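Letters A, B, C and D mark the chains as written, and numbering starts fresh at 1 in each.
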Amino acid sequence: MKPLNRSEMAARVAGDIPEGWYVNLGLGLPTLIPDYIPKDREVVFHSENGVLGMGPVPPKHEIDTWLINATKQNITLLKGASLFHHADSFGMIRGGHIDLCVLGAYEVAQNGDIANWSTSQNDVIPAVGGAMDLSAGAKRLWALMEHTTKDGLSRIVERCSYPLTAAGVVKRVYTNLAVLDVTPRGFEVVDLAPGMTFEALQSLTSAQLSRSE
Amino acid sequence: MKPLNRSEMAARVAGDIPEGWYVNLGLGLPTLIPDYIPKDREVVFHSENGVLGMGPVPPKHEIDTWLINATKQNITLLKGASLFHHADSFGMIRGGHIDLCVLGAYEVAQNGDIANWSTSQNDVIPAVGGAMDLSAGAKRLWALMEHTTKDGLSRIVERCSYPLTAAGVVKRVYTNLAVLDVTPRGFEVVDLAPGMTFEALQSLTSAQLSRSE
Amino acid sequence: MGVSCHGAGKRVKTRFDEPTGYFVIDKRVRNIEAALEGIKDGAVILLGGFGVVGQPQELLGGLLHHDARDLTIVSNNAGFGSPSLPLLFATGRVAKLICSFPRPAPPPFEELYRSGKIALEIVPQGTLAERIRAAGCGIPAFYTPTAAGTELARGKETREFKGRTYVMEHALHADVALIQAWRADRWGNLIYRGTGRNFNPVMAMAADLTIVQTRHLAELGELDPETVVTPGIFVDRVVQIDSPDPPQA
Amino acid sequence: MGVSCHGAGKRVKTRFDEPTGYFVIDKRVRNIEAALEGIKDGAVILLGGFGVVGQPQELLGGLLHHDARDLTIVSNNAGFGSPSLPLLFATGRVAKLICSFPRPAPPPFEELYRSGKIALEIVPQGTLAERIRAAGCGIPAFYTPTAAGTELARGKETREFKGRTYVMEHALHADVALIQAWRADRWGNLIYRGTGRNFNPVMAMAADLTIVQTRHLAELGELDPETVVTPGIFVDRVVQIDSPDPPQA
């Protein structure tokens, strides 16, 4: 069994995004996704700091430092891009106009709860950014994350132990081991990494899994 | 005694508007005011359909029919003008950014209530437009109106008989007979039309008047 | 692997572009009929414009030949000066008008109103704009000082904040928005002209199906990102129409 | 006749223009000191910018030499990458930060936070933007789905609309807004550049005193009315600063 690496995980998500969708990507792993969108598909990337139609990171000599994304990397604008202020940008998000948001997560629970903003440890300053707005507002929320912690603990859980970002909103989880749908009956395995079996996945997962029908 | 005519009424108000104010004018009589602003004062006129920096009505051959004011007359834009949408425009109004709104009125009461949108008669279709937003939102509301009805009934009243546009908001009333301030003690006479006396004014007014101190 | 979510984006129009072999976003439709396709009986329709300026006359004209009935129209005016809205009222297919200023009302509206055949909800103009924006921005309700203590607040919940009374108002969401723009591209980015902007940008945000008539089409990339007023995300269909300028007022 | 209301418009800067003999609106001030005049102890200050882009560095720098204490700063970030904000924290004159994402926090903030010398209120980014807009638009409170069912809604009023739970949020009004613009004219009309827009337009609306640093001054009439983002009505003071572009990210 070979878990997907970070690039493969991003590519796995990218392949499932249809042309024409408006997509917001969270910090970390999700920011790799645009590189793997098939070139023949127009997908429009939204950045919550006021950009629609975000293009790739520019070569150094072409950087306009007035253009950044939510991760605060310099970006480019595609033809068809638009710029707007923060209240308008989060109006798009909260109003359900973003087709898809892909967020990293500490934990996702079988009822669709997501925890990705705070580990409740006093030694880290809490920071939420736009994660709660995106979780509550996007038409679909997908999580992209390692299946387990470095210590081998399952991040796919019956119930989140960390403080919630939003309740009952995750539709699908992409991990380095599998793709899971969140259904009224809990997690359903949609796909497995090469060489991974349902039984092996279950043994690494604290929540109950079921097979896709 | 000679009551002010419509132009004189508009001029009387115009003379009291200092340079630098942002001013919204209601339908009817108030629309005459800009013609009488002293030419050496910059006053910025707001129109609730999305204009700040409204200029005078243009000569026929220079009309851009895409530019209208709230009365739906063609207008011009001054240097420094800006255009915006309705939610932004009423954000300005409701948010207390308009220094002054001058409205026509059926009645103004001694507690500052104003009635200017509906006569409650079933034979007229009710229409409120922006009058309630302007009354509730502008920093100052002045009323500009005839002192009495055609039948000689006072429009300056103890209590409005028509449905209210807003409660307790009028600061000053300009009529063809006088200028009145609305104070915690009721109407105070600030100014009289040429030849008008306090006693004559009181006899034409159903609300109690007091002299300005 | 290969689970596809393809086609789930009902709001977005894409097409296969033969020369490039790409699947591209293209919200342009051929004509008014195609633009108005799928409007259903009972639809709530936001109608842009302040008076006739910015009011999408040709889309309205198309609605005259449509078969959807029992419509609710949301519009600042009742059709004064508009060539098409009074004709739409005359068809008897409008059940309700939500409006701030239905005066002067054109004869068909006046008559339907007097005979009780059309319902009228009067909403203060700023509250109307904010209720529509709220719907577009995912705000179900908000408080406003407008109309507090008046007939138009009757039956509405009120609440005090810092000693002042405010009225609770609800988001006004719609099935369809009919919008007039000055320039548009195939992604649905819009720019307006003059006071033709008015209610159009907030209405474009607040409907399940936003239909735009534009005077001019622009190539993708021609509209400056800094000056786009309505980003394409809010728009479903764009039809180019050589509509005349508004008449002299 | 001749009762004058002269001078009552405290927000508006006018001056007598000798060549024309006119009293004109002119919000330009000479330097940063003049721009920051009158900020008081205990002031709530809205600070534009997302990261450093659009953050008014030179106004912030001026605030370092100001004597106002016990300040509340409202800013999306805690000063990561900013030359000036960490120095302001280091002065000990900031009592509270209202912020969506204070990570990574610069050392002085981290230290003050750990020792309990600075209060921190975490607000979801969209709620922060909407609370500020609400203050600018006269909306005292609104409902949002954001944060419902989370720690950040603890102690807040919630309410169901159509079966979903929403949190009531209050307007966030301020004494002062510090804004960075790209171009400005003497009426205070503003245009931004790129993503330097971010919080600046809503913050400009929500303060009693809105202070703008602009890279470029434009003659009145040079800015296209169709493309002005912040109309001058929201602006009190404008100071032109040859600030450098944001650093490479």
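The rule we apply is simple: a contact is a pair of C-beta atoms (placed from the backbone, for glycine too) under 8 Å apart; a residue touches a chain by one contact, two chains touch by 3 or more.
As the structure is a computational prediction, the values presented were derived from the model and not from experiment.
Going by the touch criterion at the top, tell me which pair is linked by more C-beta contacts: A-C or B-C.
Higher C-beta contact count between the two pairs: B-C.
Could you work out how far the Cα centre of chain B sits from that of chain D, in whole Å?
One centre to the other, that is 33 Å.
At which residue positions does chain A touch at least two other chains?
In chain A, the residues touching two or more other chains are 83-84, 87, 90-91, 93-94, 137.
Scan chain C for residues touching two or more other chains and write them down.
In chain C, residues 130, 133, 137-139, 144-145, 193-194, 226 touch at least two other chains, as defined above.
Which two-chain combinations touch?
By the stated definition, chains touch in these pairs: A-C, A-D, B-C, B-D, C-D.
In the complex formed with chain C, which residues of chain D make contact?
Chain D reaches chain C through residues 130, 134, 137-145, 159, 161-162, 164, 166, 170, 191-194, 226-227.
For the complex, which residues does chain D have touching chain A?
Interface residues on chain D, with respect to chain A: 50-51, 53, 76, 78, 81, 100-103, 105, 110, 113, 120, 122-130, 132-133, 144-152, 193-202, 229, 245-249.
How about chain D: which of its residues touch chain B in the complex?
Going by the criterion above, the answer is residues 1-9, 11-14, 20-25, 133, 135-139, 185-187, 189, 205, 220-221, 223, 225-226, 228, 231-234.
Which chain A residues qualify as touching chain D in the complex?
Result: residues 47-51, 60, 63-69, 72-74, 83-87, 89-91, 93-94, 118, 124-133, 136-137, 163-167 of chain A touch chain D.
Give the list of chain B residues in touch with chain D in this complex.
Spelled out, the residues of chain B in touch with chain D are 12, 15-22, 39-42, 44, 46, 52-53, 77, 79-84, 87, 90-99, 137, 179, 190-191.
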